[in-house]
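Here the chain labels run A, B, C and D in written order, and each chain numbers its own residues starting at 1.
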Amino acid sequence: MKRLKLGMVGGGQGAFIGGVHRIAARLDNRWDLVAGALSSDPVRAQASADDLGLARSYTSYEDMAKAEAARDDGIDAVSIVTPNHMHAGPAIAFLNAGIHVICDKPLAATQDQADDIAHAVENARAKGTHFILTHNYTGYPLIRQARAMVARGDLGQIRVIQAEYAQDWLAQAPDPDNKQAAWRTDPARAGGGAIGDIGTHALNLASFVTGQRPAALAADLHSFVGGRMVDDNAHILLRMDGGARAMLWASQVAVGSENGLRLRIYGDKGGLEWGQENPNQMTFTRFGQPKQILTRGGAGTGPDWTRIPPGHPEGYLEGFATLYADAADLIAGTGDGALLPGIEAAMDGMWFIAACQASSAKDGVFISRGQ
Amino acid sequence: MKRLKLGMVGGGQGAFIGGVHRIAARLDNRWDLVAGALSSDPVRAQASADDLGLARSYTSYEDMAKAEAARDDGIDAVSIVTPNHMHAGPAIAFLNAGIHVICDKPLAATQDQADDIAHAVENARAKGTHFILTHNYTGYPLIRQARAMVARGDLGQIRVIQAEYAQDWLAQAPDPDNKQAAWRTDPARAGGGAIGDIGTHALNLASFVTGQRPAALAADLHSFVGGRMVDDNAHILLRMDGGARAMLWASQVAVGSENGLRLRIYGDKGGLEWGQENPNQMTFTRFGQPKQILTRGGAGTGPDWTRIPPGHPEGYLEGFATLYADAADLIAGTGDGALLPGIEAAMDGMWFIAACQASSAKDGVFISRGQ
Amino acid sequence: MKRLKLGMVGGGQGAFIGGVHRIAARLDNRWDLVAGALSSDPVRAQASADDLGLARSYTSYEDMAKAEAARDDGIDAVSIVTPNHMHAGPAIAFLNAGIHVICDKPLAATQDQADDIAHAVENARAKGTHFILTHNYTGYPLIRQARAMVARGDLGQIRVIQAEYAQDWLAQAPDPDNKQAAWRTDPARAGGGAIGDIGTHALNLASFVTGQRPAALAADLHSFVGGRMVDDNAHILLRMDGGARAMLWASQVAVGSENGLRLRIYGDKGGLEWGQENPNQMTFTRFGQPKQILTRGGAGTGPDWTRIPPGHPEGYLEGFATLYADAADLIAGTGDGALLPGIEAAMDGMWFIAACQASSAKDGVFISRGQ
Amino acid sequence: MKRLKLGMVGGGQGAFIGGVHRIAARLDNRWDLVAGALSSDPVRAQASADDLGLARSYTSYEDMAKAEAARDDGIDAVSIVTPNHMHAGPAIAFLNAGIHVICDKPLAATQDQADDIAHAVENARAKGTHFILTHNYTGYPLIRQARAMVARGDLGQIRVIQAEYAQDWLAQAPDPDNKQAAWRTDPARAGGGAIGDIGTHALNLASFVTGQRPAALAADLHSFVGGRMVDDNAHILLRMDGGARAMLWASQVAVGSENGLRLRIYGDKGGLEWGQENPNQMTFTRFGQPKQILTRGGAGTGPDWTRIPPGHPEGYLEGFATLYADAADLIAGTGDGALLPGIEAAMDGMWFIAACQASSAKDGVFISRGQ
């Protein structure tokens, strides 16, 4: 299969998610990371590039977009792994330069930034330039299995969704040196708190699996840790455009929770449950029959999107890698990217953040899409 | 220990919960069931009494209350196990006759009925006559353990509560012959649907463990099965009087759920999780330490309220029996009944049902206690 | 249903299993406990009888057997809940007196005692007097479900059995005041250590479910705690008379295990797994299909032997009670007692203990039945 | 960090484990796969090399060893991923050529082959050439955590080991086209059946964690599927050289088991349990305290050997990759390879296979090391 060339914006020394993107891109051997603007600090940018053995290191994403677009061997795609408020600049620059964009979530820190990106994505689409948002949990094989089961009617008409994403790493005031905590709890850089960082993942997963998008929501946001400027616990009721009712809980103060992303879906014919921390199994019940345990690649599931036989667990990195593999197929023309989250999912997430904040500010009244 | 004499109203042939109360009363050998008005149908009442070998069978609870109060060997307490709309009559009659009342939940089908009972309870209290509501899940040893842990500060200040009670037995229209389904989905007899039948249990458990009562709520009730007159799925946000925020989900259409009552509590120092279907274990995490699995009577827990050593599972009947044992102690003067749900919990449940219906009717606005 | 009268030998103040038998006998309301020889110490016997409100207290089981047999309102059956070396005397006395015997397990402390009981059982059988051994775990509804599934061929030809019973209460030298530990680790009173106290349960369960009896075994017994005179850890390989191969592990030194009785059965068409600590669910897999979770009374299982609906857990006491209910049916002539463990299971257990000791003494060679 | 050059013998089109080795080698970005003798069939070798974009494709491992040793840019190490009976040839050739060898397990199909490899390893060691056996499960972070906990005494003196590896893919006669099944059930190519393919993994894991090696064993091997020439179910009792007693079950006919490798270790102070199918958590109990759930990288565990934060599951490929990363460190001189399985573990596995077969042939008598 054709190998592709990848660039990266952000992800220098000390960053978290950049390293994850790099492993994910490498795992299926489809991408070569060759260029980067890894840090806005030139010294750190170069040191980071040296660590990674990058062929080309830039100190500005604008320069990088221009230079790479001009090269015969320029990058095919760029991964944007900066904090949320730094997505719009590089995303627009690379899209405008005709370079495919793989962007971390949520889309942006503000609705204005998001709208600007959406505008650029629309223009780029006409020229065949793709935009992908790394809602990586959609890459888990059993999540894609669940989506296929809903689509073919195994659960019947979807009625109820229970989505949650619980962590505890912000249950107390973090160490001031914790850079991850610093920007993720800064309204200017992050936009939202738990709702943006993890709530958008839970929403996206619910939509991805059910095919229903959020139509209205009511939210009760709270910040339990003194001095925190963003929400650290969010209780949300949703009405989906296909008629399902949902509850969504996002929390960073749920002591004892590491990365508790969990999805439960109920239709009139069946129900299923999946949890991210043990992603290789899912339960499914047809009404009136015994509950089944479906395993990744096991009996009753498709072998798609898996690398190794059932019983040999795949994890977070493998799921993330599947997005990079799909992106490679999309760009190389060997796949249609139908399962890749794009600007629609991205804008749903932005609406979700804004609507949560608006509802909570009005004592939890329901806010409808279009309001 | 002193043995006591028990009567029963309701619970004749074909009923469900009456049989449960009888086993629960028998398990710890504190009660003799000696009298009953088991059915409003005289023939069925007598046949039911014969089945049980009751000494005295009545055809009306009014007669029974009078006659038993007049006997030297009259019953000490009566269990009321009729449908919700039939609680008020017997409860008031027996309380007024000076006979202790053990009443199934929720308290009543309407607020008026509930107020009448509450009035009778208040009068009876002055005379030392007790009223107990069988929120039986409070009898599980680990639930009492959790309450003790919260009370002594193991979890710190409680911030977040996640309570849920999911079933699937009403996911489709029930058989018309199903008497349990018939009255439980009839607004006149039941009062509410999922919110009353199971939602009140979830609320009660959350309050029992945390010591916080509901101060305000917003609800999105729904009825998914065509023709159903009561809610079968309820999504509720709560604000508790001690500052905790809660989500409560009650559903009778969650396919794959048998009796999924589950409680998760998070404070600033710790978090715990418990589920009714495997009630002999609970997880507890102190912030920053490994999660612990606490077992009923096992290391790190009190031996209280258990009958057999850890590892030998106790279940639903044992938990229910603990309420009868505590009631016996309270009535015999060998216990203070401090853990027994009474009229306060009962009235919280009635407010919960009414507030859910009111909020949902107003598109989910928050309704405060006192409004 | 006809009520029966029960007597008890052993089970006085401070004993453990006697109290369990009493609750089990009471739970389904078929038995009245009316007589007992609760202790060999007359003062303690009377005090214990007073605690229980027994009509008739004896100081010797011989007197009791004679006196009860002579009364018109004498006991129908006796429960023998003494230490193992004290089973034979009362069992034989009551059988010879024509009174049905319900005896705790294992059958006896020595093979000679066992043979004497077996002889008495044979004589009694001719007169319609029954002998029941309380291998109580056979009363769990899902264990009976498993047996039915094997019998009807759901698993095909049984090939492999994995049985284990792990505890940790003897992982260190017990407190000298611990009476339970004292007699259970005394060769004279107990006969065997882990093999007798818990290993026989695991063996019995394996046989009960598969219908295969032990044909040969090899054992590696060990005593890890200094000064202990009986085995506290047993590793056993078994060959069953129906061709299945089995492993059986019994341990009282497995730190972190409370009462870990677990059974896994594999045939050429299916496999199942069950664990006693969460006895209300079992997994079952048909070869090539998804694993199913079967719940007590839930979809795909029979409603037999259960008292309350699926999702409301039943436990150890309920399972134990089912043996008493079955015994009542057998004695009253309303049941055939086909599922009750009797002298055959009892003698299998005695062979198991002796063969484990013989094999281990010969460095683990296989010992065959009949050798 | 220094990048290294890797070659591969075996692993051409249609093979299984070769692909796993390649992902594992790639994941941490330490290795470039540049050469291979991927198949003994020249056409398939070349096609396979083309698929992988290999710089150099060979048709014989002898040629490859010579040519690569002679090049300035020759491979640093070779991965041998052929069936068991084809390990010795390439292993010896590359070792003799001074090229480090990473070899799949078990070491060989016969003891003679194993001895030859061991001899070559000994000679190579003197020249600084390393031999690594990919007992990949040792790369799971929690397995290394468990080893560290045993080593520092958290469990006290180890008494009991329960190791098992259960699968069901050979529960029925496999499709004749199934190449994996074909060689793995062929005595000439595989050496043993379940004992070699998976039993050696279970043994290795038990030894790796406890630091105790097998001293004696008794085995009851069986082949349940008609016509099968190797064991498909093995029941084994072990005595370890440090005094622990062990049971080991290896089965390929345990219906409902995908890849059920499970390890339980009990000492006088603590016990732990781990299962491969959900490798990111382990339970640990200190005697008399509540059981703890330890998670990969979570509270109470070291962050070592993990790539991503707790709660984001790592799996089989990540564990396997850790062996390649450690091998890179060992070869590059940046690590001591102390945790890498080598010839000692390999020869323990060969003894295990032979002793199982010998014991089983003698009706299960214990066979001691050195016999």
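Definition applied: a residue touches a chain if its C-beta (ideal position, glycine included) is under 8 Å from a C-beta of that chain, and two chains touch if they have at least 3 such contacts.
Composition by chain, UniProt nomenclature: A, B, C, D = 1,5-anhydro-D-fructose reductase.
What you see is a predicted model, and the numbers here were worked out from it, not measured in a lab.
Undergrad: Common contacts of subunit C and subunit D?
TA: A, B
Undergrad: Once subunit A is fitted to subunit D on CA atoms, what angle does the rotation have, in steps of 5 degrees?
TA: Copies differ by a rotation of 180 degrees.
Undergrad: What's the distance between the Cα centroids of subunit B and subunit C, rounded to whole Å?
TA: About 35 Å separates the centre of subunit B from that of subunit C.
Undergrad: In whole angstrom, how far does the Cα centroid of subunit B sit from the Cα centroid of subunit D?
TA: 55
Undergrad: Using mean CA coordinates as chain centres, what's the gap between subunit A and subunit B in Å?
TA: That gives a centre separation of 42 Å.
Undergrad: For subunit D, jot down the residues that touch at least 2 other chains.
TA: As it turns out, subunit D has residues touching two or more other chains at 257, 283-284, 291, 295, 298.
Undergrad: Taking the touch rule as given, give the residues of subunit D at its contact with subunit C in the complex, in rising order.
TA: Per the touch definition, subunit D meets subunit C at residues 155, 159-160, 162, 164, 168, 171-172, 218, 220, 222, 224, 233, 235, 237, 239, 245-247, 249, 251, 253-257, 264, 266-273, 283-287, 291, 363-366.
Undergrad: Where on subunit D does subunit B make contact in their complex?
TA: Listed in rising order, the residues are 283-284, 288-295, 298-300.
Undergrad: Provide the residue numbers of subunit C that touch subunit B in the complex, in ascending order.
TA: Residues 3, 16, 19-20, 22-23, 26-29, 53, 167, 257-260, 276-280, 295, 298, 307-318 of subunit C touch subunit B in their complex.
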